[in-house]
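Below you'll find a set of structures to go through.
First chain A sits with chain B, and in the next complex the same chain sits with chain C.
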Partner chain A sequence: MGRIESADVVVIGAGIIGAACAEALSAAGVRVIVVDRGAPASATTASGEGNVLVSDKEPGPQLELAVASRRRWPVLLDELRELIGPRLASVEWEVKGGLAVATTAEAVGPLAALTAAQRASGVEVEDLDADRARELEPHLTEQITAVSHFPDDAQLQPVLATAALLAALRARGGEIHSGVTVDGIATDRSGAVVGARTGADAIPCRAVVNACGPWAGHFSATIGAPIDVLPRRGMVLVTAPLPRFVGRKVYDAGYVDAVASPEADLRTSAVVESTAAGTVLIGSSRRRTAFDDDLDVAVLRCLARGAIGLFPKLAGVPVMRAYGGFRPYTPDRLPVIGEDPRMPGLWHATGHEGAGIGLAAATGRLLADLFTGREPVVDPGPFRVDRPEIALEA
Partner chain B sequence: MRRVVVVGGGPAGMAAAKAAASCGVEVVLIDAAPKLGGQYHRQDARESGDRFKLPDGVEHLAESVVWAIEPILEGHRVHVRTGPADGPDRTGRAIETRALVLATGAYDWTPPFPGWDLPGVYTAGAAQAMAKGQGVAVGERVIVAGTGPFLLPVATSLIDAGSRVSAILEANDPVAGFAARPGGALAGWTKAGELAQYGAALARHDVPLRRRCAVIAALGEDRVEAVLAARLDEDWNPVPHTMRRFEVDAVAVGFGFTPQLESAVAARCEIEGGFVAVNAAQGTSVPGVFAAGELTGIGGADLAAAEGAVAGAAAAKRLGAKVRAPIGAMRRARVGRRFAAALAEAYPVRPGWRGWLRDGTIVCRCEEVAYGEIRHAVEDLDVGGARSLKLATRAGLGLCQGRICGRNVAELASLPDAADAFARRPVAVPVRLGELAEDVPVDEAP
Partner chain C sequence: MRVRVDGAEHVAERGQTVAAVLLAAGRGSWRTTRIGGRPRGLFCGIGVCFDCLVVVNGVPDVRACQRVVADGDDIRSQDGAELPS
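Now for the complex of A and B:
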């Protein structure tokens, strides 16, 4: 490959977060090059279920970002359609709604408290009785103690969404380079970014965006501006295609608890949903394990039990495959979005854990807002890089 | 208690089990079929009894699938379900071992071409299995096409089952290939007699063998009514104005074999050039995991058995058994590999097959993904990785999980990790959710 020309910004990582940042920057007139050591959307993004959720967030900055992103996605998709045409911009967007299901007496109280707080934050939530819930999802368990319906929960296909964002970038003159590893940052005498090193070469630029997902912590350490982002492993089971088994995203009310859990040991809670192809996806597990992707059958067993707990009929359904991936995890469970004060011109956009697909639209927008000095789409304070939980000593 | 676990009951797996058992260790042989022998010795399911007998000390788990291989400290835990695949009453078991022999074999490979998804188009292996295993002919007038010596026994099996074979179309010119490597061909002289027998049988039935020819399209409404064949140039591009139509009601296509890599990939074995890399003792890159047979290179039953014998002895040795070096088997394996290399050279797959496809040609049959959709994903969406390509096109996501189309999709999309891109499957074969949820007995590692 020949030498890569210069850009205003080099985005490192062609997952959905990198793609969303690149798209938003290019929409603001910034010249962007995206580089990825592998192929676009081939790691964490390709392991995602494509959730664009407001239901699984506790009130706070994360929910605010989620609400902004949920609002932004359909607008963004319209803009993409306009720019690159409907075929390239088709990303299987579906507002399917979510159901949080409590199956024990103990789970009723926490679910009610959560939905009350979410409602106060402007999330639309509808409490259903068991009969109404089974009207919506006829195969649901009989053991329902409480159900909340989130009509705004949506889904899209993350690989197609990333491809569409990158196609928009290309349409605006930006570039994507696969198989290019950035192994260092070139700085001037004041310590500000002037280039992204790729082996012997460097791509001249005035800013880089670290959008390396679960590898963002490792990358930030190699360039001397470490942030505390670690991989947290997840597994998903995929069944054979079934005729109309489940319409919404259905999860055990314990899910929010597991998402919010900081513990390294295994957390599983049932999440069941269908894809456009009719397969049923069964999640979710969370385990902080470095980049160890050895199979753990105990995790699969927990996932299977959880899913059967919600939908007993699933017991007879064949699982066709399982796949795992790594989510970028931060100790305070908030993403990192903004410029690194330790190295002017270094930006981070990572740490979205399992919510990166949903949060991508607002993340890209927020980063571009901050980069261009526009009014930010949400308060950037909680996501800043120099918070004590995130910025590590070099 | 010392236990070797062998996965696969074909020539390689049986030889491995025998060799290990003769060294005095306990052996568990796991195989998906009801009877031993694998694809090569495919036993007629209608006959009673088993042609093969394994020595005492070998526990044969028939109708058993390995659905997961889990790494544990100093070994592997092999997860098995036993019972008819479609039945509701399979039992589960997990067997731990420090010496695992993988002999999972290969399945036949065919490139896609227009009409290959029509009823009446069979892989050569499937056509032979139906003829030999069930006595069923796939059609009345059949054409056999592809490449490799395997086409000859397939054609004779079809004739035995009552088909009329219109022709055998061999895409290569094997005489030229063998002439270029006489040493390798000599190494397989024992095979030559076998092939001559098939040749004589085919001559008796007036079956013409056409070299450098291939079926490049199957025609028909609801099933195959005819095929288009063409002469090929050296790269397998059809030579203009050589198209010929054959009226047939079935086609058997075989272009060689592709190894069944899931278990080896699950055990983290290094893959080289599409096959499991092994040393002279059939050891893989993972300590305690051995591989034998087609998994390590396509070479036929004799080579597989020789490698199996070596692997079984090496596995027993790893467990501390006193083992005499299997010198004879190692020599047979060396000779067999030379012959295999000569075969691979004489019957290569040339890139021109990609030109047989049209945008509408289905590449992934389970999800009905056409070649044009894969081109769209690669050319317009810039999708490059195996997993993202699957998600963008749905190719390889259907019931077969890419066993049939994986290699084709990977090659058509020029994926860098084509060989094992579709073999990374933590759940290797379908398992019911209820089975996954069960606690199963574990035979712990001694």
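Now for the complex of A and C:
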């Protein structure tokens, strides 16, 4: 690889968050280089289900960001189509809707409380009776005590979306370098960023964006501005392609609670959805571990059992494979988006837990808004870097 | 051993895979693709590619190259993606 030229901004991490930040910055006229130690979209971005959800957030800043991002995605995809053409911009975008399903008497109250709060925050929610739910999803269990339908929940293919964002960056003159590890930050005498070090070389720039996902905590520590971002492991079971089996994202009503929980121990909650290819994806599990990527059969068993609880017919469907990944977890379960006051020119965009695909569009937009001094798309305060839960002592 | 392949009786050797039985019966393909309806049969032969899927005793998506036949197996061609019967 030849020497990398200079840029205004070096984005570290070519997952969907890094790609979305790079795209949004380049749209604002900023010269951007994206570097990744591996291949683009090869880690967390490739390990999820492509959810763009408003249904799984409790009211608050996370939901505001989710609503802004859900609004932004289709507009962004139109912009990408215009710039790079319909073929590269095809990302399997589908507004499929979500169903939160309660199967016990105890789950009815919490689901009603959650949806009431979401409705008050402007999320469209429709309560369905069991018959109507089974009209929408004929294979759904008969053990239904309550169902809420979220028509705005959507899905896309995250690797394709990342590739489209990076193609747009390239179309605007930006660069992407795979297999390049940033191992330090060059600063001037005042402590401000002037370059991203890659071994003996440095890429001159006036800002870097830490978009390292679950590795953002580790990276931030190596450059002396630590933030508390930890890996939270998840696993997914994949069936062979099925004839139309589940149309929406269907999940157990306990899912939101599992997402929001701060527990380090294993939490599982059934989530079932299909992809454009016809495979059914079965999640979800959450456990805080180190970067241990063993497949845990006991967890897979929990996932299968949960999915059969929602769709009994899955009991006879063979599983084709299983995969796992790491979500970037923060102690207060909010993303970190903004400039680090400890090191002018260092920006972070990470900590989206399992919602990074959905939140990417607004995250990129917000970071670019803050970088260029525009009116921010949402209130950036809750996501600021120097909140006590996030900024660790160097 | 006796098995059925799409309704017809065939003799199988103990230890043969379903794919071996199908090949011995002169079959090159036993599945169609979901969208294009194109023929598929044995490809990798080692359980990785999921191309040789077939229905055995009502269970779809069985890898013919991995499944060892049992006496009386009912082997049926798979039409695209199928749900278990």
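Rule of thumb we're sticking to: the second predicted complex is superposed on the first by the 394 of 394 C-alpha atoms of A that agree within 3 Å, B and C clash if a C-alpha of one lies under 4 Å from a C-alpha of the other, contacts with A are read in each partner's own complex, and residues count from 1 in each chain.
Rule of thumb we're sticking to: a residue touches a chain if its C-beta (ideal position, glycine included) is under 8 Å from a C-beta of that chain, and two chains touch if they have at least 3 such contacts.
Not measured: the values here are computed from a predicted model.
A.B. asks: Decide which partner touches more residues of chain A, taking chain B and chain C as the two options.
C.D. replies: B
A.B. asks: Would you sort A:Arg301 into first (chain B), second (chain C), both or neither based on which partner it touches?
C.D. replies: The answer is first: A:Arg301 touches chain B but not chain C.
A.B. asks: Given the touch rule stated above, what does A:Leu242 touch, chain B (first), chain C (second), both, or neither?
C.D. replies: second
A.B. asks: Could you tell me if A:Ala200 is touching chain B, chain C, both of them or neither one (first, second, both, neither)?
C.D. replies: A:Ala200 sits against neither chain B nor chain C.
A.B. asks: Is A:Met320 touching anything from chain B or chain C once the two structures are fitted on A? First, second, both or neither.
C.D. replies: After superposing on A, A:Met320 lies in contact with both chain B and chain C.
A.B. asks: On the A-aligned overlay, A:Gly278 touches which partner chain: chain B = first, chain C = second, or both, or neither?
C.D. replies: second
A.B. asks: Answer with first, second, both or neither: which of chain B and chain C does A:Ala105 touch in the superposed model?
C.D. replies: Touch partners of A:Ala105: none, neither chain B nor chain C.
A.B. asks: Which residues of chain A are in contact with chain B in one complex and with chain C in the other?
C.D. replies: Common interface on chain A, chain B vs chain C: 239-241, 316-318, 320.
A.B. asks: In their complex, what parts of chain C are in touch with chain A?
C.D. replies: 34, 50, 53, 59-62, 80-84
A.B. asks: Sort out for me which residues of chain A touch chain C in the complex.
C.D. replies: The contact residues of chain A facing chain C are 239-243, 245, 278, 313, 316-318, 320.
A.B. asks: Which residues of chain B touch chain A in their complex?
C.D. replies: Touch list, chain B to chain A: 68-71, 77, 79, 88, 94, 266, 367, 376-377, 380-388, 391-392, 394, 397-399, 401, 425-427, 430-434, 436-439.
A.B. asks: Looking at the complex, which residues from chain A come into contact with chain B?
C.D. replies: Within the complex, chain A contacts chain B at residues 38-43, 45-47, 87-88, 157-160, 162-163, 166-167, 176, 178, 235, 237, 239-241, 277, 279, 282, 294-297, 300-301, 303-305, 307-308, 314-324.
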